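When the chains are written out, they are named A, B, C and D in that same order, and each has its own residue count from 1.
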Amino acid sequence: MKIGKATAPRSAICTSNEDRIVVRGHDLARDLIGQVGFGDYFFLLLTGRKPDAAASAVLNSTLVAIAEHGLVPSVQAARMTMAAAPDAMQGAVAAGLLGSGSVILGASETAGRMFVEIDQAAAGGDLHAAARAVVSARREKKLPIPGYGHPEHKRRDPRVDALFNVSARAGGGQRFIEIAKAVEDVIPEVVGKDLKLNVSAAIPAVLLGVGFPVNALKGVPMLARTASLIAHLNEELDDPIGFALSYQATREYLYTGKMPEGGR
Amino acid sequence: MKIGKATAPRSAICTSNEDRIVVRGHDLARDLIGQVGFGDYFFLLLTGRKPDAAASAVLNSTLVAIAEHGLVPSVQAARMTMAAAPDAMQGAVAAGLLGSGSVILGASETAGRMFVEIDQAAAGGDLHAAARAVVSARREKKLPIPGYGHPEHKRRDPRVDALFNVSARAGGGQRFIEIAKAVEDVIPEVVGKDLKLNVSAAIPAVLLGVGFPVNALKGVPMLARTASLIAHLNEELDDPIGFALSYQATREYLYTGKMPEGGR
Amino acid sequence: MKIGKATAPRSAICTSNEDRIVVRGHDLARDLIGQVGFGDYFFLLLTGRKPDAAASAVLNSTLVAIAEHGLVPSVQAARMTMAAAPDAMQGAVAAGLLGSGSVILGASETAGRMFVEIDQAAAGGDLHAAARAVVSARREKKLPIPGYGHPEHKRRDPRVDALFNVSARAGGGQRFIEIAKAVEDVIPEVVGKDLKLNVSAAIPAVLLGVGFPVNALKGVPMLARTASLIAHLNEELDDPIGFALSYQATREYLYTGKMPEGGR
Amino acid sequence: MKIGKATAPRSAICTSNEDRIVVRGHDLARDLIGQVGFGDYFFLLLTGRKPDAAASAVLNSTLVAIAEHGLVPSVQAARMTMAAAPDAMQGAVAAGLLGSGSVILGASETAGRMFVEIDQAAAGGDLHAAARAVVSARREKKLPIPGYGHPEHKRRDPRVDALFNVSARAGGGQRFIEIAKAVEDVIPEVVGKDLKLNVSAAIPAVLLGVGFPVNALKGVPMLARTASLIAHLNEELDDPIGFALSYQATREYLYTGKMPEGGR
């Protein structure tokens, strides 16, 4: 059954024959292996071009910043899955990745799109006015302000300044950092509470300044968390806690349904 | 319901409070972001120690080597999934990762375990004799020889020498490369055909020489392929081929079941 | 780290102790096993009440109608995944399920929501007018009309009348079937082509008439397709075609990227 | 790239054209929708034949028995995933299914294979002797005895007798039930503790007696749990506990790694 129009598959990422593998126009064995770090290779795979020094520094720093934050829900889901199905680590990684949705890791992309909207709304004009307009419009539609506020880090998430410093040192564009800060400035008056920039807003703020495509932003937390998930699952093999997490989670479990008539 | 013994979950990977996040004994914001590349951070997450220069060079080169090889089955599965469920890129990445099983990407780990077995069998003695014994034992049990032979690269997979060169230049241990070559040498007489080293054997050969744990080997192709999957899914958003792949796949489809009585 | 407000988990679905398991107020071993079919049990799990005869007939017929339609993309993704990772059938089922997204199987839910909207817009009045208004509004927002048109079945999908007949015979409510037909009637004038009702619209049309909750509609194709995926993966174990599908899919593959300078 | 031999995909499950869909030799719209329950359709999809009355009763009862057991680890993983990625229910179902591995739901298949082995070992002779031999051989290889013992139900799991009663009433073959009981009888002397039959052993014991294929056993808990997962995720949409589970799980979390020098 034919769905849609395209019938011959095509891709600009890779081709190969018996003697060589070409990735984004480069001979993999001759020109990439040993000559480009893995973070930079991710940039090349995604965009088709090698990152410059600023893009390399910024992308690697965001991947490091977002990879690991302890036993977050997706790590718990992955470790429980590993405990139940230890033969298939790929399944446990997949279970963890499936938690990279709109609520948790998706905020990097949504915040990035909000910053692009503010950039365009401001044109050459006042950033704070544009930020106020865009944030207000989101509030009116009852949309959250992605990338601001954090359940644990009430002051500013410490990763935010670390990322901003990397961007400044590496010579990354500062425009979207200014936008991110403008949003932070206008939030108290528009939202009525003081929500500080968190890592999910800092990531697009620094990446958009080095030419990282907004469409690919969601890939950054996904790749980063995969590294963390693999580390946790490796630890799970040595020192399992998957069932302990599950046991703890339901110690105060309350059944709110009915009980059968008769019986005990 | 309590399954197993451990009841309080513990982990040596990460802890955090309102002001800082500690990963493997380092302050994430102060000491890691901007100071360590993503490939090296993966090593730290997994092993608890920062890689030395040789480990860094070798690990990054293996991640680059195995990430991308075109429209392999798992990339096709991911792109088809993305076409059907475009709102949830994490689902398409997960679908692709679920193909990282024993037949395809699992070979890196299995080959690594075989090399460790040969290393121990050889002790200080003859590597070729130990390789012959271990390979013969696998053949007797009708097990495949993981990491040798390739459907496309009949001569040696070009990534193999590239990885071996990185290891030599970076000063990585050469012991497991010698073992991998010894296996290649004995295969013709034991197996009866000439199966050349492929990238799945080269990866553990270079990684075991820089202290990468054998248990974590399967994580390398998984993390690497995640980068490739994200790049392909990003391309799928711009230039969809998921349904085209599916259409092509069944152009010669043959139904081998029965037909109902009556009707057309 | 605490995210959100609720801290003690609760559920109305199941509780158990050493001697019995209670599901939705019934003793599982005493009152359900052997006394309720699996389709009906799904209704009970979802809604908390046992289906009446009409609901049982209609729900089972929809599950049968949508389970299997040959080597659709999600089945292909699952069979490719099984070929690559044969030890973990759960991973291949999961890969197939991940294709149950908004484009493919999600249409049952979206069509159901559209029918509810038309029902409310019509109140006691003219169904065709309400259908015209709602369909026109979707067109203005450039939204698709979910559940109408089919790439293969240009006349009406044969499953549609089969489901409508089951509903009529079983005494299910006909209101949403009338709405579904009213939408079909107004599509030519509003959309400009003749898109016939397909199975994804027929499913909510019959289910909403027997009290099936609109929120749970997306569960019907998901459960149904799981049955089909398991059957295909069982066949894959006996007679593998996963790699053949992948090979066929790329026979006409076109690399649209650059080639390296130099080399072959 | 061609992997393996088969190049034209084939399947005996389904074919379709513009006017009809044929499943396992039956016209889906004419002969199956409305005429076969969903549990029976699963049997047809899997085996190619319609179940007789005994097979229908037994298969439906096993699906009902194993579907739901409260907030087990895979349900927790699914609800956490749903909380983090609420737009993609298929991802949360998949995350739950990925916990259907060798340790948890895989026991139905492993127990079934053990029973077949005992059946063949006994030939026409003494079942207890054959059971003793097979169980002893597993113990010597340090393999678990799948389907015996339960963390909560120390006496016999109440679902076991319910399933055995269904089989007896429906006229299912009793041979594998006798084998299952023989294993229970010999366990105290061979294993040294009294491990009672649990539901994972009762399922293959009744299914093998009605001609259900041993290879397909693992599909029964997978399909059953999918129904439960969908019910839990539907409840999660109305009354979310995913993050509460995650919060509870780590209330006693212990970080066992190092702390950085300096700082707080």
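Rule of thumb we're sticking to: a contact is a pair of C-beta atoms (placed from the backbone, for glycine too) under 8 Å apart; a residue touches a chain by one contact, two chains touch by 3 or more.
Nothing here was measured: the structure is a model prediction, and the numbers come from that model.
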| item | value |
| --- | --- |
| Mutual neighbours - chains that touch subunit A and subunit D alike | B, C |
| Longest centre-to-centre distance from subunit C, chain (CA-based) | B |
| Subunit B and subunit C, separation of their C-alpha mean positions in angstrom | 35 |
| Intercentroid distance (Cα basis), subunit D paired with subunit C, Å | 23 |
| CA centroid of subunit A to CA centroid of subunit C, Å | 30 |
| Touching two or more other chains - residues of subunit D | 1-3, 7-16, 19-20, 30, 70-73, 83, 85, 87-88, 90-91, 94-95, 98-101, 105, 152, 243, 245-246, 248-250, 252-253 |
| Partner subunit C, residues of subunit A touching it in the complex | 1-3, 7-15, 19-20, 22, 24-27, 30-31, 48, 70, 72-73, 85, 87-88, 90-91, 94, 151-152, 249-250, 252-260, 263-264 |
| Contact footprint of subunit A on subunit B as seen in their complex | 1-4, 6-21, 23, 28-30, 32-34, 36-39, 41-42, 45-46, 57, 59-61, 63-65, 67-71, 83, 88-91, 93-95, 97-101, 105, 152-155, 158-159, 161-163, 165-166, 169, 213, 215-216, 218-219, 222-224, 226-228, 230-235, 237-241, 243-248, 250 |
| Of all residues in subunit A, those that touch subunit D in their complex | 1, 16, 70-74, 76-78, 80-81, 83-88, 91-92, 94-95, 98-106, 242-243, 245-246, 248-253 |
